[in-house]
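Take a look at these structures.
In what comes next, chain A is part of two complexes: it sits with chain B in the first one and with chain C in the second one.
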Partner chain A sequence: MIRRTNSILAVALLGLMTDTASADVIKVGVIGTMSGPYALFGANYKMGIDAYIAEHGNKVGNHTVEFIYKDEEGPNPAKSKALAQELIVKDKVQYLAGIYFTPNAMAVAPLLEESKTPLVVLNAATSSIVEKSPYIVRTSFTMWQNTVPAANIAFKNGSKKVAIAVSDYGPGIDAEAAFKKTFETDGGAVVEAIRIPLNTTDFSPIMQRIKSSGADTIFTFLPSGPPTLGFIKAYVDNGLKADGVKLMSTGDVVTEIDLPGIGDSALGMLSTYHYAVSHDSPENKAFLASIVKNGGKVEDVAMTGVAAYDGARVIFKMIEATNGQRDPEKAVAAVKGMKWVSPRGPVSIDPDTRHIRQNVYLRTVTKVDGKLINKESDTVFLDQPDWALSKK
Partner chain B sequence: MTGIATNDVPARRRLPLLQEAGSALAIAVIGAIGYYLFPDDLAFLTRLIGISFLVLSLDLVTGYCGIATLGHAAQFGVAAYAAGIACVRGVTDPLALLAIGIFAGTLMGLISGALIARFRGLPQLVLSIAVGQLVAALANKLQWLTGGSDGLSGITPGKVFGIYNFDMYSRTAYLFSLAILIIVFVALTRFVRSPFGLMCRAIKDDDLRAKMIGVAVYPRLVLMYGVSGAVAGVGGALTAMSTGVVGLDGVAFERSAEVLVMLVLGGAGHLWGALAGTIIFMIFEHIVAAANPFHWMTLVGLLLILIVVFAPKGLIEPALSLARRLTKGRAS
Partner chain C sequence: MRLALSILTDAVAYGMVLFIISIGLSIMMGLMRVVNLAHGAFAMIGGYLASYAIRDLHVHYSVAILLAVVGTILVSIPFELLLYRRIYRKSDPLIQVLMTIGITFLIIGVVNFIFGPSLKTIPLPPLLSGPLDIGFRSVPTHRLFVIACGLVTALSLWWLIEKTEFGIKLRASVDHSGMADALGIRTEIIYAATFALAIGLGAFGGVVGAEILPIEPFYALRYMVTFLVVVSVGGAGSIMGALSASMLLGLADTTGKYLAPEFGEFFFYLAVICIVFLFPHGLFGRSHA
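Moving on, here comes the complex of A and B:
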């Protein structure tokens, strides 16, 4: 315990002394959910960035890159803004990264132009964030990006009448709008749209409503965790699965972290997402190997890990382009149109929206060697933009 | 909760306004220390001041009236949303936004007061939670107005007095908030010593007895709730202006619970207790979260347990009794 306190003190002292560090250290502030219910996603930021450093080193030319982590805790814009400001003013970071929740990103955005600091968003998935400042680049995903393919595939697979059930908050409402618009344009009908209050645990009444609506497919989005487990259980228990009603979602509902908890009732469930931990590519294998080498566990890898890994690549490129100088215009210009092969597949930064373009995969929950995984099928939607921002 | 106010009956003042001037000076000095010693942390200190209004406001109803509430963020959040919405729709003068926040906070305070003050004890607590949840649900539901869970962004207030811009370093926001805090604190120092304030303490100590001597208990409590709403409204409006975003966290249950913890920590029933609780809790949280962003919550929990075990009436009580002993020692 004494040793622990000492190390905390040492870290605190280190924090005070960083001002005097040499000019050759380029600092990057990472704001993420490091504690509380979303801690695993914040920890993934660190895992992803550490994996990138393990593979590429922490130097760009003769500049050393240093990452400073701050805890955004939960949706708390005032706190995030204070953290960002502290990082900019006190720690003198040249770049910001991270941000799990949309309102927090919105609060940080106004600081960027005045302080000439680019921000690489590693999660917050509301489309409009990148419009809040020309210095924002995003390497995660948006609800529209992942939902539009879900609607396309539902129609293609022969679904005619869909019931949409989403959590009643921002991302859920985005998912509903994206699915409805796409599916109806394709020629299908949405027969029921239910918004479920957050923290709902009994989904039987919702299943009854879906049943009586005569839908042949359910599309859902719920934040991962207990609601997901309850929803899928109710879907099976109320006989919808037995009746042949299909269940589709974005990958958020069946994250690899939650799959063991959901259990076998998830088998056969379809989802569309930009990253599956089981993605079969040499890049992904190398990525997962680096994480394990750094002491992480493959079971803990989430989409924020790969977004952070790619985010680190984007930031390193920015540092390279500006040769360590604070020049946000040049930094952002350098990564516009940047293309590389990520653990999730080929990706690029859309020069118009500064949001990442990527493949979206159709996956089925499958059991392989006694472990549930999201097995990617051959159906891949190539080079998907954020459909709410750009139509190309 | 009883027994706090009994040994704290205000003594006759030798000089008028002495206590008020002392409080104002003390806050100004603490504020100046913050400004000059921690110029890089002004955003955090501004957030601290914003929350301290809410803790003071909670102190008025919990510490001075004995109303148990876990829904106090409602007043704060409604004011923040009101100021934010007004700002997004074109009212950019900070003082006007402040006035809007105060108005909205007062209104919300009167409404919740009218509901909550009808009961005592557990039903009161439950009702306060219900009111808080209702406001939180509405803020999420009325997405076109509040931005829902994405938050209400794009709040860019104009210059204070047409001169001082809200800058990146939060200098303006900090000094503006500090000035308002001094004004509000001085006003409250007077207010809690007024006959009205003293009567509220009487109600808190024994509402039945207060009723017996002819005090109209219910209207007083509702009125106090309105005042408390106004104070929370100041905090909400200032936070909305300095952050530029209003999120659902402003009306969340966690916010209500957190400020109650700060109040208990500092000492309910004392304005300085409320202020001290906010300062200590938030600074402690800030330091440990910076030192270890991954496990800091454990340390905060530990601090709370220690304080509740060793200073159950809040940190202000031991400080006050020490001060009393010192003055008595000098007198004898």
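Moving on, here comes the complex of A and C:
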């Protein structure tokens, strides 16, 4: 029986290989949050990829590239793994892309080597993801990448005692570690570190705790969506803002999608991030124009859109390098050290970590023409690596 | 001392939100014997209507609350006529649970389709926003408003059920519906009115509690267990029960968050287990043989 399954598997695998070698259509499976509370971030994958196709066409040489979208819904590793299997076995995709949540990426990683499928991560931001398989490349960001500059800025701006409040899961713990390490090395003190359960909605007790810790600055990371709103409101309504306690975060807490919901309470908030929709560059203008031309709205654009746009570029490069053959080593090798100018600024794929190097900007929530935006300041941290994976 | 007072303030505010939303469910379960899992879904509709009224129609907060309550009751009428009416007091709980969970998913889908998947805020009027200094700490003004709303709700419900003619008829219909019918009480109308009251309270709670339990499409599922727990701890149908359960659970949850936030909802459920162990029918529940 085992032998029979083995031979069936071998035949299937053989079929899979010959199929893609001769086929003219190269399929790419995209797994993203297409429904549920995070649907807009998933919709951004499609917006970003469509924008890239609108500008560069869907052909690499004589190969046509086709994207197939699947819905990961929420933090659900088993579901994401099943979707990846379906894409690999049934749709015979040559590349995978997407993944919003860290646990989902972790579940998909073991499938990549056995099926020879590279994965371009378009969001999930825990540093260690790229270490789970040599076939993973990431075009989004990591918590370490965005948090280290935040800690540097906090110290430079005169913060002495910081309270850290993060969501209690992978990226939150990364953010806490990154901030604590950097800030203490700079010479500051972390007086309180609170890990908030993911489903918390009432932040009043946490604000009181921070208040009694005597901190002059709060650093926070929460996944964008419902919690961020409650956190910022609690900060204002419990009088911490009035008392002059500063609030800093990574850009995840103040994404342009959530800003209208958060409202004026967010005004003046500092954050460090790799992409602001208001980023002033010709590349970003062209990117946003393509999105609008495809029927999208600028108000709906988020960091996942630009990660997908750049992800499409990376995948096209992989297809070009392998001439449409299934050759993951060659594909990944071809994009190591790849450099280009993204809508977020100059970026490159770090050859050692396969994670994107990029500028990280300091931004302030500002009201321009009645609309809240993340206005980038002149403080830019150039060419930031993932600080947990590489020290250069 | 300061810490204890601080915890107490937050606990009372959180407890009151739980109370306002759960009391409607308590009435449904205690008086109509319907395990209405869709209660949170109706509270959510209220929240969405209020958010829409304020942000797109630019009406005042008080008008929005009214619109939300009336609107939600209107939405619930077809559900009452076609579905709920069949399961009052008699059907076995499994049918009720299946039907109401189906309604929950239906409402989630429709709301998601109409309003989109993102979080909806209900902007507060200037009078209720911002902090207010109450001596030993500052609290969000809105929390005090919620506490006041909770007290008013509890008092008026008590008055309605214990002191008015409607209350007498309702209690008669609940205790012995056959006899009440024979005496000329139109039990269907009493039930329909009570259903509307329960749904209206849910919508009201959804709107005023939106600061603590924010409105989003999965609201109905996310807080379903919390509301059910309040009712079962307090004892279905009892105003005093729902009030004391909300306060106790609010206290357990808030104290836990102050002193050991990394434990999450551990203390909330620990309190639930202890109370249900000591009072299997809830704090003020009657046993239904």
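We take it that the second predicted complex is superposed on the first by the 370 of 392 C-alpha atoms of A that agree within 3 Å, B and C clash if a C-alpha of one lies under 4 Å from a C-alpha of the other, contacts with A are read in each partner's own complex, and residues count from 1 in each chain.
Keep in mind that, in the parts below, a contact is a pair of C-beta atoms (placed from the backbone, for glycine too) under 8 Å apart; a residue touches a chain by one contact, two chains touch by 3 or more.
Just so it is clear, the model here is predicted, and its values are computed rather than measured.
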Fit or clash between chain C and chain B when superposed on chain A: fit
First (chain B), second (chain C), both or neither touched by A:Asp168: both
Of chain B and chain C, the chain that contacts the larger number of chain A residues: B
Partner chain in contact with A:Gly61 - chain B first, chain C second, else both or neither: neither
Which superposed partner A:Leu111 touches (first chain B, second chain C, both, neither): first
First (chain B), second (chain C), both or neither touched by A:Thr102: first
Touched partner set for A:Gly36, first chain B, second chain C, both or neither: both
Touching partner for A:Gly214 - first (chain B), second (chain C), both, neither: neither
Partner chain in contact with A:Gly337 - chain B first, chain C second, else both or neither: neither
CA minimum distance (chain B, chain C), superposed complexes, angstrom: 5
On chain A, positions contacted by chain B and by chain C: 35-36, 39, 168, 197
Chain C residues touching chain A - in the complex, by the definition given at the top: 3, 6-7, 10, 13-14, 112, 116-121, 123, 129-131, 133, 137-143, 211-214, 216-218, 222, 254, 257-258, 261-262, 264-265
Contact set on chain B toward chain A in their complex: 40-44, 46-47, 50, 137, 140-141, 143, 147-151, 153-154, 156, 167-170, 239, 242-249, 254, 287-297
Footprint of chain C on chain A - complex, ascending: 35-40, 168, 194-197, 199-202, 204-206, 208-209, 212, 225-226, 229-230, 233-234, 236-239, 242, 257-258, 261-263
Contact set on chain A toward chain B in their complex: 8-9, 11-12, 15, 34-36, 39, 43, 69-71, 73-79, 81-82, 85-86, 88-90, 102-104, 106-107, 109-111, 114-115, 126, 128, 132, 168-171, 173, 197-198
